[in-house]
Amino acid sequence: MKVLDHGYVTLVESWGNDERIIEAARMSTDKGFLGWGPNVCKHCKMRPDDFRAKDSCYNGPHEFTPGDEKLLAYLYRHKHMTPFEMAGMIIEVQAPIFVFREWHRHRTQSYNEMSARYIPLPDVNYMPTTERLMLNAGERNRQASSHQGMMCEANADVFQKQLDQAYYQAQSVYSAALSNGVPKELARLILPVGRYSRMRASANLRNWLQFLTLRMDVAAQWEIQQYANAVAELISNKFPRTYELFKS
Amino acid sequence: MKVLDHGYVTLVESWGNDERIIEAARMSTDKGFLGWGPNVCKHCKMRPDDFRAKDSCYNGPHEFTPGDEKLLAYLYRHKHMTPFEMAGMIIEVQAPIFVFREWHRHRTQSYNEMSARYIPLPDVNYMPTTERLMLNAGERNRQASSHQGMMCEANADVFQKQLDQAYYQAQSVYSAALSNGVPKELARLILPVGRYSRMRASANLRNWLQFLTLRMDVAAQWEIQQYANAVAELISNKFPRTYELFKS
Amino acid sequence: MKVLDHGYVTLVESWGNDERIIEAARMSTDKGFLGWGPNVCKHCKMRPDDFRAKDSCYNGPHEFTPGDEKLLAYLYRHKHMTPFEMAGMIIEVQAPIFVFREWHRHRTQSYNEMSARYIPLPDVNYMPTTERLMLNAGERNRQASSHQGMMCEANADVFQKQLDQAYYQAQSVYSAALSNGVPKELARLILPVGRYSRMRASANLRNWLQFLTLRMDVAAQWEIQQYANAVAELISNKFPRTYELFKS
Amino acid sequence: MKVLDHGYVTLVESWGNDERIIEAARMSTDKGFLGWGPNVCKHCKMRPDDFRAKDSCYNGPHEFTPGDEKLLAYLYRHKHMTPFEMAGMIIEVQAPIFVFREWHRHRTQSYNEMSARYIPLPDVNYMPTTERLMLNAGERNRQASSHQGMMCEANADVFQKQLDQAYYQAQSVYSAALSNGVPKELARLILPVGRYSRMRASANLRNWLQFLTLRMDVAAQWEIQQYANAVAELISNKFPRTYELFKS
């Protein structure tokens, strides 16, 4: 799943699913997962649309109880979040260093990242589009607002050219240093935070949802929002009922 | 406490102390802190050098038990580390971004860092000395070793000059971008990981010791070792007996 | 601070304060704590009620900016919680085992508890009052509701007598076992979860607030609510402005 | 997998495997999993026993590099543990409450436990065998040693009888209380810590190994050692190469 100009998010592995969350929550009452769907009779577990359904069961009239999606919703809305720790996901991500700097503040995830101490980082850098650069132009956004001047397409163009040139020069110094025997761990000093790196990240579902809450928020930087959107898509594929609750 | 060319580590606040650790450990047996020093009689709590000391107490001859430094040593050596969570320290640190990138992998600390989304980062950058650049020259160190060429003073000199110039150019692009209304959060793309940032970090003593274990190690990058040494000095001031055990 | 019939909560130590939280948050913009109070002029830092205050300062008319309590409120309401990790508190608690069982599910706290493996637990047990036993009588509370019968004062009385007797018998078996050489770690098998134990608990302010959120809630068991109320009082003493925000 | 008289440990789900750990570790150098086995040529990736193997490859003579089990061993021995966070396991456990009390001190696991607030706990209690009761008899084990008397088979017999009777009485009071409308959350006060409960627990492999380190240790109580042994067996099935390293 492509993100920004050279980044991606890709699923390595997931575990658990929406049913598993119900099972874990039901530990407290010693029942398991009963089934999704409209509802089941609390005596005979028969559903209203079952072909064997009559007006009554061995215990008198059917008493249809809510389907397990109601328990899932109850857990989520009342913030009983520990069952959501019984599922999770490992992903691989390529993103600029400044995005990883924000990402790594999530201390409940596990990380393994490419290291410029061990290998030269490939010469891949993030170049924001003009559209992105103009995103908040004209607004009085405290965080993203201009420092002094006023953003316009001409200025965006100038910045892109200067950034491109500066990336090029940084790479020249970097590769010259490596050729001259400067240790990798010091040659990297000049690498800009716009350079791409790569990592694997693992977390349980509860913590991924917390990541999404903070990083899909409008207050988050646009770039990490794009990554959060990609993570959200993976989650909605693997845990569709939980994701539905998250979104609503 | 100065570290590298423009960095520092400074104590904001600490809590607990070596005695507090003993007290916490003694919760399990419902005793408190008894005292450092050679030893005390287990019946009358008198010490051998007490002026009232005779050969015996109300319970017969004195039975001198070990001083509490022995319990501290026992806890530490047998890895009963939870009592060491009952003390801690908050520090303020100025360090290059590449050092913070390593530091922030310690997920048991709390961080508040200066943010280039909100203010322009000051133009302060890390310049390694020739001595530092030559540190592992000639060695066959897998991590730090040269990529192709062979490190020598001439090459170190070239690198310092190029790095200085590249820092200068990055700053030119950065400040021009800010002047032209490029959002701070994007102008920063060109900032090199050698630029200094600043943060506060809080952790309990157990986790600070874990930080020292990993970052004072010879396998850690020399720069973060310098910071770890500074942190170690703060710890040895505030928790001298625990630090003694850590070092030995 | 007495809680239930034989329990208590007491402050061992705290660190940080409301000002320290502001300081930590201001790391991002490189300013420190500016002061509480109505507001200050953003140019000269003078307050409206300052005796030197005139209509203007060196920069023209005063522009009064909000006092730092507004930043504190902003942080809290927008869930920027990391600055609240820069303060904390260690307490000592005596509570029944079933309360500790719930308490220890808070995995961000540090614990040191009395251990029945090492010393015999004192014969102190929790006896709920009649008022407490009747608390939800008549209600259709799913959790607390009666199993079969209907709660009334006569039944409460019977339960108290039976519980008292059962506590007594458990203690008889326990002390006989200890006298007969049964290892402490096995003699304890018969100890009821109503027996008191003791611990120290440490957490940062953010995590204490999370504890309060879950345990002062009406859905929490009444007994742990009493402990949470006691913790809340300690927090309101040490961090009055933060606690005010928590409550509102 | 049966543990003690009425307990069990059973695998719910695992994720990752020994290969996945290598892949995660190789993020730092941008290579993937290369293969177990004796070794491979670092140029052509051919193995010594490959039928196409000749003395040389396109790059000159073969240079056989170590198989990935050597990297796994290197990571484990040098405590590079983050790659071991990229695998994990969810289990279901039935164990006495006093075992869960120790287990839940592992704050890096996720738990969902049966709750006596919501359902009556089944009348299943732990009865130690005579052999178990005599385990440390005669020894001077500080923790497990007798309080006053001397353990012998006669005393073990007496304890078993008294414990059995006390369990019976506790259950009588419990079920009477439930019948009389005492809230479940209070009726449970009399339940002994020898009673069985049930939970699901999830952790990554690094944290499961840490659990094993502490709980397979001779200093751990014999009962939790039995559970740790069962967990170890599940781990050795799912992560055989990692477990081999743990054991050695």
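Structure notes:
Letters are used for the chains, namely A, B, C and D, taken in the order the chains are written, and counting of residues starts over at 1 for each.
By our rule, a contact is a pair of C-beta atoms (placed from the backbone, for glycine too) under 8 Å apart; a residue touches a chain by one contact, two chains touch by 3 or more.
Worth saying up front: this structure is predicted, and the values here are computed from it rather than measured.
Taken over every residue number at the interface, the positions common to chain C and chain D amount to over half, indicating a same-residue contact. Between the chain pairs A-B and B-C, more C-beta pairs are in contact across A-B.
In this assembly, the C-alpha centroid of chain B lies 31 Å from the C-alpha centroid of chain C. Counting partner chains per residue, chain B shows two or more touched chains at residues 82, 105, 111, 118. Residues of chain D touching chain A in their complex: 12-16, 20, 23-25, 27-30, 82-83, 85-86, 88, 90, 110-115, 118-119, 198-200, 202, 204. Across the complex, chain C meets chain D through its residues 96-98, 100-101, 104-105, 107-108, 111, 116-118, 120, 125-126, 128, 132-133, 135-137, 143-152, 155-156, 158-159, 162-163, 165-167, 169-170, 173, 176-194, 221.
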